[in-house]
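Look at the two complexes coming up: chain A is in both, with chain B in one and chain C in the other.
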Partner chain A sequence: MIATMGFSFGSVAALPSIGGLATESAMVAFIQPSTALQLIAFAILLGGIYGLVALGLTMIFGVMDVINFAHGAMMVVGMYTVWWTATAFGLHPILSIPLAVLGLFALGVLVHLTTISSIMDAPQENQLIVTFGIMLILISAIEITFSTDPQSLGLGLGSVAIAGVFLPLGQLYALLIAISAVVVVWLFLQRTQLGRAIRGTADDRTAAQYVGINVPRIDYLTFGIGAALAGLAGAVIPLFQQINPYLGDSYLINAFVIVVLGGLGSFPGALLGGLIVGFVHVFGQYYLPGSGYQISIFLIFILVLLLKPEGLLGGGVSE
Partner chain B sequence: MVSVSNADVSSRLDQARRQYRTFQSKWYATPAILAGIFGLLLVLPLVLDLYFFGFSLGSWISVHVLVITLVWATAAQGWNVMSGYTGQFSFGHAAFFGLGAYGTILLLNTVGLNPWLGMLIGATVASLYGLLIGVLCFRYDLRGHYFALATLAFAELLRHTFNTFSQLGGASGYFKPLPRSYGAEFGFAAFQFRETLPYYYIILGFLVVVTAVSLAIKQSRLGLYLFAIREDESAAAAVGIPTYRYKLVGIGVSAFFTAWAGAFWAMYFDTIRPDTVYELLVNVEILLPAIVGGVGTVIGPIVGAFVVIPLSEVARQSVDITGFDRVIYGLLLVGIVLYSPQGAISWPRRAVELIGAYGPSKRNASATADDDDE
Partner chain C sequence: MRKTTSQSDRRSFIKYVGAAGTLGLAGCVGQDPSEDGGDGSSVVIGSNHPLSGSLGGTGTRMDNAVQLAAMMKNENGGIESLDGAELEVISEDNQGNQELGGEVTDSLIDDGADVITGCFSSPVTNAATRAAERAGVPFVISVSVDDAILQDNDLQYAYRPQPPASQMAVDHAELMPQVIRNAGQEVQTAGLYYINIDFGQSVRDSLREELPNQDIEIVEEVSIDFGETADTAATQLADADPDVVIATTYEAETVELVRAMDNQNYAPPFIAGCANEALNDVGALEEMGETVEGALPTNFALNPTLDRASEVRERYESEFDESFDANVAMTYAATEVIIAGIEEAGSSDPEDINDALSEIEVSDHIAAMPPISFDENGENENALAPLFQVQDLDDRVVFPEEYAETEIDL
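Coming up: the complex of A and B.
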């Protein structure tokens, strides 16, 4: 799915898309002398989005020790919230993006309370199976409601050229939103009482209970925030890319890679991992045939799993 | 019926419950149940079109659906040997399924090798790939989440590799050639038939073999070691079980038999592509029957497959909405793990208990709660 996406979007879509990056940069390469600089710009733009996707995943893992397979599906719900409110009610993305974040927070809390909360102490694979089941339900619900056809907001934001480097505005906005979200979440975790409680729970669940932290409450809040971050990551994607119900898959799998690369539960690790995968993706797509970039991403992933399974910046959310 | 008093009924139920429990504790219980199941499966396609009380099974399920059911039962049985017995949860068995499928069809297309030989080579390659995964992951002691993600990565790696390289068929995959092109006639030797029924008996044969191996492992010393690793790996190592070696045996055997299901898949359908045999959902379709039926039990994967696949097929046929069958999969996954983690295999016992709970001897009902490992 990832491979075919790359080709079809690259050739068909007028909007800049992740899949289309290589084609565009190839085109740009004729005009601009510094291909490398252009690729670096694309890598940072994409890496920022990847980091945002991985952030919610790593947070849920760090605090609750749960791998949320439904993370990609929650992104897709975020994408369709923005697209649907824009096409049905003409809502501006400035309004619909926060709406998607709130909606996904509620969905996350609901999912946690109805399913995950009762199996927190069960073997790890049980949570994996349940979140996978939720992913199937969410994706199929989207398919049934909105069909599998690709959709686009058709914003046509265009692009700017800075010092000979071509930057699609949609992706630039998405990156700015991603950076502000990261800053807000970081401040929340570092500076608020609740944030401290979340970090404490991530460090040691039992000890957190002893000092009077309501761990079940922290759990559902964390799952909600993680889902909201997935929703945000999904909500900014229609700004620069066509959407379809399966887009979450490719982001999810790369987000797993990023999260393990950076260290499961590590906040800065997710951002660093996002950038690394962004670079491998963009450069690999430009220089390697077919889905060679994806093969390289998996090879890096396997290498990290084997040599440093705790990740490059392994540790708790507290880092 | 009217003359039977209430106490009489409950004492009879109590007796039935006790008899069932005695039977369950015998060593021959599982083989006997399996023989019954396989006997039923042997005649099942023949009675599909018979009418009982004006109603026939054939109007709901076809032989084709039964074939698909048995394919996933076989794959799940293979998965179970590793993930059910040793507790190393694999989320990447599509790798082995796909290697079995590709081994068969690739060798058939390129050098015209007989599919039966191709299947064995494909299964051996899958087994070696499994050992590679095992050596890498177990040496570095990957467990739980990390192991599941690593297996998924190894499966996805194959998908992208086969998609990228045209020497491996590329994204469009392979067509199944006609038997004539590799010097054979339709029939057993060519692994191709004009009708569906012979395919059914072949996959049933596969399932019998895999189940027999799985049962033999479970009732041997090897099985004891594997289960010891599942329950507490450090304790198993402490009493002198070479856990690393036995985990490798588990993954090797498991990969070998999962590849059989893939090879059958390749010979049953007309075409295979990386996105059909290595897909993310294939990983789930392989483990779903075992989860639904009962992880670590021999009967579970078979029963689970017969719960999951006909259900989703009936749903697909009666509700004309794409994706509806996946909603069923999703609901089953969530529902089973939340409400019946021991799987469908525990339902008869729970039913008996439930009936027994109304009888005179309530005190035993809870005592049997966790001693059923078929």
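Coming up: the complex of A and C.
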């Protein structure tokens, strides 16, 4: 199903047959503008989703210094919340998304209060193992409840064509939701008393306590918001992709790269890192054989670590 | 929100990311095996399949097929040559992890398995067959496509009733263009789309060899990893503009490709599949819709011309409330081979069963292929992957004629 807008329509112009993969590198020089635009569109769409996935991760680490390995599993809970409420109760998926966000916020607060809060001052290994355990519990619960078979909303939202570039509506909606979420969270952090308290805690936990900020409360709210962002990232994925209990891993691996790439704890860095990874991913898929794109992503990751170890938009390194 | 980041924070983050990734790969969960096997009153079949993990859905259905074949044999009086001895199935979970293939096999043997079947994932089967070889216990592969499992190893205790990757590619490269050309249409170029793991790569390699023999040039090869969308892949294939797109993936990856093709208004003249799970799954076909109507997948199959095959399918669906797909059919047929081997051996001794399997010819099976017998590598000499066509969003065998349930419609 294709909707058309703007001034140019139709299918992507096909390149002539390349006569085998030996000539693949030569294709770079002959890429058609329409193909390049198409790939740029896919890169932005994918990068936006990656940025959204990385937001919650970087927020929790930025404020609490906790590496949440359950982030991908929380995404999966968000995916299945939307899929289940839509298929079992006939709720429109778009309406299910806020349910997933609220549910994951509650789950995040619960997880923090019952597990993380008591080990906030423990070595990071403890937090790592606990969040890893939470990941296993959540994924196993999903497996037991919904089976390991792939599930789909079967929306078939189709795409819109603008100047010969096809924008899949599922991904487009997901990107718009991601942008909206970033704006809302940014406004919350910048314009509200609570947001300022969270930023203050992120800057210096000890100083925050001295000025009267209830840091434990900030911690569970932050973990809840981070989990809600994971839930939101997961909730938009069924709009354009089949889901399964392990899909969170695919996004989480790159989200970790993005968080380091953009700068630990940096919101703009997460978005920038997401876009960079999105571009490398899409263009790498097009031009490189096999998993070459993933190698490229990690090469850039290593380069950033060597040349700008605080990340592209991270704060200065202090000894 | 911005924070001054210390080097120790960053180093810790990276260190723990790496450590947790390693831990994730090393995860291990098993299922309690039956404890009363191997007491002489029954013959024990070990089922080594992925019962959890991303392949767990299909693996569980395959394990059910092993259970059903044994159950139906027991209902019909058990092993006649052993005075009605009953078959017992013990199952363990390999999670689709290669490192568990051998471990699960060893465990099944320790628990009394006289013969083993598995494993779906080729790397897992590779490890599992070697473990069985070391123990001198026969291993009949249920489903695993990689040629190397049997052809790169000198195994004396491993057998594969299904066509391996090279045979699947031979059958696809012969049957698919033949029916298209017989219908007065042309196919000269192909684009390959495959899952980027051992399974997809081995079929791709075989198609690279076989398609040129049928005057088909491969103009594009596109891989996809687990969990990816196929937008870029569809763009690549559209740019290459092949006459036929041949997909070799599990369900999700082909569904993603079709969705991406629809979104880009791209429809190749023909869609085909070689060892493709989605094009032989009714649920996936319904999800992909009209785009795949007329698609031509090649896969191992239940013999649609046999009444007994229909009975098995109905029994399976009522017993387990699960769909009876090609993997289930092949696993059931592999278990039939095991049962025939036990009957022929008249013994539960693994050596006797192995001797029987090496010489056996099994005519009474439900797969759409001639009688099963094994060559010196343990490959089925008569393995066949018939051609299906998607008609009314159902996969129907259309070629060769002796197994066809309906006529081709192009």
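Keep this in mind: the second predicted complex is superposed on the first by the 282 of 319 C-alpha atoms of A that agree within 3 Å, B and C clash if a C-alpha of one lies under 4 Å from a C-alpha of the other, contacts with A are read in each partner's own complex, and residues count from 1 in each chain.
Basically, a contact is a pair of C-beta atoms (placed from the backbone, for glycine too) under 8 Å apart; a residue touches a chain by one contact, two chains touch by 3 or more.
Predicted, not measured: the structure shown is a model, and the values here were computed from it.
For A:Q294, using the defined touch cut-off, is the partner it touches chain B, chain C, both, or neither? Pick first, second, both or neither.
both
One more residue to check, A:A141. First (chain B), second (chain C), both or neither?
first
Check the contacts made with chain A and report whether chain B or chain C touches more of its residues.
Larger number of chain A residues touched: C.
Considering only the touch criterion stated at the top, classify A:S159 as touching first (chain B), second (chain C), both, or neither.
After superposing on A, A:S159 lies in contact with chain C but is clear of chain B.
Touching A:G56, do we find chain B (first), chain C (second), both, or neither?
neither
Give one of first, second, both or neither to describe whether A:S118 is in contact with chain B, with chain C, with both, or with none.
A:S118 contacts chain B only, not chain C.
First (chain B), second (chain C), both or neither: which does A:F256 touch?
Touch partners of A:F256: chain B and chain C.
Using the touch definition from the top, say if A:P168 reaches chain B (first), chain C (second), both or neither.
Second partner only.
Looking at A:G103, would you say it contacts chain B, chain C, both, or neither? Reply first, second, both or neither.
Neither chain B nor chain C is touched by A:G103.
Determine, under the contact definition given at the top, whether A:L128 touches first (chain B), second (chain C), both, or neither.
In the superposed model, A:L128 contacts both chain B and chain C.
Across the two complexes, find the residues of chain A that touch chain B and also touch chain C.
Residues 1-2, 61, 65, 67, 124-125, 128, 132, 136, 143, 148, 249, 253, 256, 260, 264, 289-291, 294, 305, 309, which sit in both footprints.
Show which residues of chain A lie in contact with chain C when the two form their complex.
Residue positions touching the partner: 1-2, 10-12, 14-15, 17-21, 32, 35, 38-39, 42, 45-46, 59, 61-63, 65, 67, 69, 124-125, 128, 132, 136, 143, 147-150, 152, 154, 156, 158-159, 161, 166, 168, 171, 189, 198-199, 202-203, 240-242, 244-247, 249-251, 253, 256, 259-260, 263-267, 282, 285-286, 289-291, 294, 305, 309-311, 313-319.
In the complex formed with chain A, which residues of chain B make contact?
89, 91, 136-137, 140, 142, 144-146, 148-150, 152-154, 156-157, 160-161, 163-165, 171, 275, 279-280, 284, 287, 291, 321-324, 326-327, 329-334, 337-338, 341
In their complex, what parts of chain C are in touch with chain A?
1-7, 9-10, 12-14, 16-17, 19-21, 23-24, 27, 52-57, 189, 196, 217-221, 223, 225-229, 231-233, 235-236, 238-242, 251-252, 255-256, 259-260, 262-266, 287, 289
Could you list, by residue number, the parts of chain A that touch chain B in their complex?
1-4, 61, 65, 67, 115, 118-119, 122, 124-126, 128-130, 132-137, 139-141, 143-144, 148, 249, 253, 256-257, 260, 264, 289-292, 294-295, 298-299, 301-302, 305-307, 309
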